[in-house]
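Shared chain: subunit A. Partners: subunit B in the first complex, subunit C in the second.
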Partner chain A sequence: MNELRRRIGQSEALSGWAFTAPVLIGLAVFLLFPIFMALYISFTDWNGISPPFQAELIGLQNYKDLLVNPGISRLDFAISVRNNLYYVLGVVPLQTSISFVLAVIVNQKFLRGKSFFRSAYYFPSITSSVAISLIFLFLFTQNGAVNKFLSVFIPGDLDVNWLFNANGVIHNALGVIGIETAPGFLATHGFLGQSWWEWLAGPSVALLSIMILATWTTIGTLMLIFLAGLQNIPVELEEASQIDGASRLQHFFRVTLPLMKPTLFFVLTVGIIGSWQVFDQVFVISKGAPQKTTITLAYLVYREGFTNFSMGRATAVAFILFVIIVIFTLVQRRFVNPDEV
Partner chain B sequence: MNLPAPNQWTRRLIILLVLGVLAAACGGGSGFEESGGGDQAEGGGGATGGSDGGDAGVSLQLMGFSSSPAEDQELSKIIDGYNEQSSNTAEFNPVPDYATTLQASLAGGEPPDVFYVNDNQIPDLATANTLAPAEGNIDNPDDFYPNLKEAFTFEGTWYCPPKDFSTLALQYNTQLLSDAGVEPPTNWDELRAAAQKLTKGDVVGLVLGPEYFRWGVFNEQAGGGLTNDDLTEMTAAAPPNVEAFDYLEQMYQQGTAAEPSDLQAGWAGEAFGQGKAAMTIEGNWMVAAMRDGYPDLKWETAELPEGPAGKGTFSFSVCYAVPQGAKNPDASWDLVNYLVSSEQMLAFTKQFPVMPSRPSLRDQWLEANPDLKAFLDSAEYARSPAWVPGFQAVLDQLNSGIQGIAAGNKQPQQVLEETQQTGQSVLGG
Partner chain C sequence: MADVQTPSETETDEQPEPQADPADARQPAWWRVSKRVLGYSLLLFFAFIFIFPFMLAIITSFKTQPEATQAPLDLIPSPATMRAWAEEIFGSGQVNFPRWTFNSFFITFIVTVGRILLDSMAGYALARLKFPGRQIVFAVIVSTLAIPAIVLAIPRFIVLGTLGMLNSYSGMAVPLAVDAFGIFLMKQFFESIPREMEEAAKVDGATVFQTFWRVVLPLAAPGLIALTILSFQGAWNEFLHYLIAAPADQSLRTLTVGLALLRGSQGQGLDFPVLMGASILTTVPVAIIFFVFQRYFIQGVAATGVKG
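Let's look at the complex of A and B:
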């Protein structure tokens, strides 16, 4: 009897493996192998041209060039970390809050034309990001729609050259209150070869434009996810809180929001990962210009690998980016804590 | 779970299924190679039938990029000519995003038989040991402009013959100049004065892209340059370069020179074509761009104004390279030789205002394009911008600084000193 059970178990295991084999092989070939290969390459000086396994192993040299050794690689890395950090700090809260509000609005029971609004908000997400970026190029030109629109509210003719303006917005804001140059300490000290004053520049006007574009394209998808979460909340809870005499606001903050925590966590995680990896908008709109203020880490990976012929350094940047994303996600998890509903 | 225990048959079926999937996957792979080989055999077979006996031809792939359908057509004509007179069969394969595609095919170990290489990529590609040397494979190797041949030479080895070339020269809007009573400038002072006079209303005197491949001509004219001739020392922060950048900065600050983006144009040619700028500094490609985009514009081209140290400009070129370890090196070089032969080169460059890289074709080309003499005359003193592997990072840094100078938030001295530092670490390390 035991013998029979054992044999059945064995053949079940076999068929289990057999049925999952196609997917497992696919994962191994297209996911695991490239990841480990990239990790290996990040320890070599591969130029991206000659066969990769002929490249010389140089240990941690690539990582040192990016993080320790003074030079152009470290400076470019610092610049892209700064740009990307401002990008994430701007885009993630903005897109999360806007899409949440939108989801709450289109979730109203008595809203007319609900499905129209749902499709309208979702529309940018299903359009190719390259096409949208090209349209934004026109919107943000000197005599484009954005300047025309803002001129209505701001006196005088507005002629900001959005996509070519390298001034950091924090620097600009400080300029308004009269701080034009760096106070001594900020100019002389720095981190990763970049002075603190440069770190504090804020996103450039050009990067800000790209941030607006990115926010606009992603809120649709995030709204949809929030909407699904909202509709998962049982109606009974709403009724119960109404019977208990909760106001609408109390209901929102005490019932809806806590129940939305898992969804919120998901949206924030997806948002953080996506924002750290922003590439296509930069590639289409600015290619890192003006004055390197729109170089993001993913774009740096591309530039190092494909125009500067140092694939080893490019993969090293990619792995540092991976670590940054993991850290950000963990920190964010502490704050939101999805398990504690 | 009430499933019956899998009997022998189902087990066999499962194993068969898995094997089938695996076989299909592998089969797909090998099928690929076979079909590649098949093509070749076919090409060879066809050729043996047509040509003189034992000389079995091979099929050759020429990979490159193309600026216009018209260029495609012209090159295809020449390739057809080659296929008629040779037992080999060549095919032109223009690819988008050329640099990335080339890099991937080189890294993949299956490069095309012949491919274009830009002059500034030679150091990286040569260091990676991907190019076969050209010496001994090309007829009339001395009939190329020396500076072009130099551009495709790295550490003493000449890798590939230049296909054709372009130089930077001054283009001016004849209408705007005659309206303002300005003669085409021939030196820096005249250029500054002309730009000042031409700047009025919506028109700016000079539009110039903020990148070293435009600004650098002023360094050449001032007697400067980014490195010394041996590429061992950076000279970016040397006085002539500072002088050149100061000169340009002044013009930008006075508003007599502008970036294309200031004029809401994607590149200098667009601003020039729309009449928003009276002068610009671009290359031979302007001819096709103005003809296609702004056919009514009246413009002419002149040599660049002389600087304190005389004339100076850049030339840009592309060559036909054969990969190291090519499958059929003889056939590949045969094709290259045909393409750079005087007759074919003239046929190609006559139609396109790029210039033949063989000085012996000079007069014949001029006959066909008399109004482009300035471009060709510039070849006498043009320099090909190519440096050392990894130098692209230095150029990126410098271009970012140039954008800063043009926008008015960086000082020339500071930008050049930063470039000096960055460059030295690339040259030294």
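Let's look at the complex of A and C:
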């Protein structure tokens, strides 16, 4: 009997399954099953209150309401896609480039106090998104710290009402050169119920503030990842460049940059996936206001599901968001191919 | 900001100090000097940008409400007041901050202990044990990393409802205790430590679990510390899951959910000293862990980037 127990205890096959069983059950219950369930819900009109499997199956209705049928659902979806797209296209390049430049500087040999800078930059990344959002809410109020601080450099009293300003920054820029209203074609034509002029509004000033917040919190993490990548480059390569008579700049562009490609790929992927899902900051700072210019897709999922009780439509939005993220990641992969160094 | 260094950090991360850099010596003096000035200015500017908001939040928590809105940049509160801290946050204010703080700690504790056990066992099995289906199990676990949290929000709400776990500590903690990233991290870690000790234990007739528990886990201390820190940070800062798992029960609010809903309930007339104080309160536990264990934080991030 003891011998049998010992045998069982020493069997790698049995132990392997025993060791992984708790997580597999957990993942099945809280991740895999929910995913299929969500897919099912997205074909129903479930209201979040009645038992979910009694909800009526309505086929592709939710998806049609978002993508085809004219109406408020389609318009809100279009607005969220526009907001989120500007958010991603702004935040990802900004946070990637700033964190890369900082990593290159922190990696310089002459630099003292490396660990101080590293910690200072990384600190915002580890703190609660809710707490940080509240702090930014305070900084960006109309007579808040940001305006007071900028007034030092810009003549006149600055009172940008950051978080309540719904004007798109591209519209604002066009206004400066005298274009106030849409040229005919852009106003009369559109996509998903939103005119091209509205699509081209750019992020609102309020959304821009949230973008600044997101960039600010993410730079630290990305800088550390870049720094790890830079320190992984063998020192011998630099010596080789010197022997060949290459300048520092040549070495940087011909050797360092190409070797950083896999790291860059990773940073872009993480950035794209993360910024498409922005939620906490919107929830705390603006709840989608002003004039829906800060509604993102993740926030739309929450709003449709938990305040409007259209769980079916909410999960449909969630799945479209999932597909958008996958597409963006794949497209990005084509541009920055990590395998060809 | 204190620059805490653990003794071994200097050995592992820091490169030898400047002088011995021949390429640098070949450059003209003006370039070397301006490069340093430019580099340091940029770094100091960003250090200011990253740290100043936190300092301002601390200062604001000691201001009166009118002063916080009218003179947000004044660095010395006048008059300084303990109202936010003594009356609202730790006193008998309108909201139950002590309860939120307890909930945050309690749930974070359960999630962290759960992840340490589950992730290290699964990570070990995937790194070392040859069992049929191992590849598939690993593939499934890694693929769940790609699922966005918001996609899971509604179905998790349903699952928790069906299991009767809505508005309960278990519903808030258990789904977070199952974590694919931690498994991945521990698998990587176990693969990096030598096998000899395990082989010896096996020859001595130890069961797989005994080997894991008595031989492997003690060796895995650095990996476990990294996992503990990441779990603590993740569970402490989590917002969306708690918001969805305990929507109705006020006594189950964590600091993150409580704060976010408090902001919502205050509408336009925000009590900034209290909100800033509470934000700092929410930041402090993770900050302490960060400064004590920052080497592990930084290694953890570096590992995700290089190996991932």
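The rule is simple: the second predicted complex is superposed on the first by the 322 of 341 C-alpha atoms of A that agree within 3 Å, B and C clash if a C-alpha of one lies under 4 Å from a C-alpha of the other, contacts with A are read in each partner's own complex, and residues count from 1 in each chain.
Rule of thumb we're sticking to: a contact is a pair of C-beta atoms (placed from the backbone, for glycine too) under 8 Å apart; a residue touches a chain by one contact, two chains touch by 3 or more.
All values reported here derive from a predicted model rather than from experimental measurement.
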Looking at subunit A, which partner touches more of its residues: subunit C or subunit B? C
In the superposed arrangement, does A:L230 touch subunit B (first), subunit C (second), both or neither? neither
Under the stated touch criterion, which partner chain does A:I58 make contact with: subunit B (first), subunit C (second), both, or neither? neither
For A:V255 in the superposed arrangement: first (subunit B), second (subunit C), both or neither? neither
Can A:L200 be said to touch subunit B (first), subunit C (second), both, or neither? neither
Pick one for A:F309: touches subunit B only (first), subunit C only (second), both, or neither. first
Report for A:S15: first if it touches subunit B alone, second if subunit C alone, otherwise both or neither. both
Could you tell me if A:T141 is touching subunit B, subunit C, both of them or neither one (first, second, both, neither)? both
After superposition on the shared chain, which partner residues are touched by A:N161: those of subunit B (first), subunit C (second), both, or neither? first
Between subunit B (first) and subunit C (second), which, if any, makes contact with A:L192: first, second, both or neither? neither
Jot down the residues of subunit A that show up as touching in both complexes, subunit B in one and subunit C in the other. 11-12, 14-15, 19, 22, 48, 52, 141, 143, 306
Considering the complex alone, what residue numbers of subunit A touch subunit C? 6, 9-17, 19-20, 22-24, 26-27, 29-35, 37-38, 41, 48, 52, 101-102, 105-106, 108-124, 126-132, 134-139, 141, 143-145, 148-149, 216, 219-221, 224-229, 232, 238, 242, 248, 263, 266-267, 273, 276-277, 279-280, 283-284, 287, 297-298, 301-302, 305-306, 311, 314-315, 318-319, 321-322, 325
Residues of subunit B touching subunit A in the complex: 5-6, 10-11, 14-15, 17-18, 21-22, 25, 99-100, 103, 106-107, 109, 124-125, 127-130, 259, 261-262, 264, 389-390, 392-394, 396-397, 399-401, 403-404, 407, 409-410, 422, 425-426
Could you pull out which subunit C residues touch subunit A in their complex? 1, 3-5, 9, 13-15, 17-18, 21-24, 27, 32, 35-36, 39-40, 42-43, 46-47, 49-51, 53-54, 56-57, 60, 68-70, 72-73, 118-119, 121-122, 124-126, 129-134, 137, 140-141, 144, 146-159, 162-163, 174-175, 177-178, 180, 183, 202, 205, 207-210, 212, 233, 236-237, 239-240, 243-244, 247, 255-256, 259-260, 263-264, 270, 272, 275-276, 278-280, 282-283, 286-287, 290-291, 294, 297-298, 301-306, 308
Complex interface listing, subunit A residues touching subunit B: 7-8, 11-12, 14-15, 18-19, 21-22, 25, 47-52, 71-73, 76, 141-143, 161, 163-167, 288-292, 303, 306-310
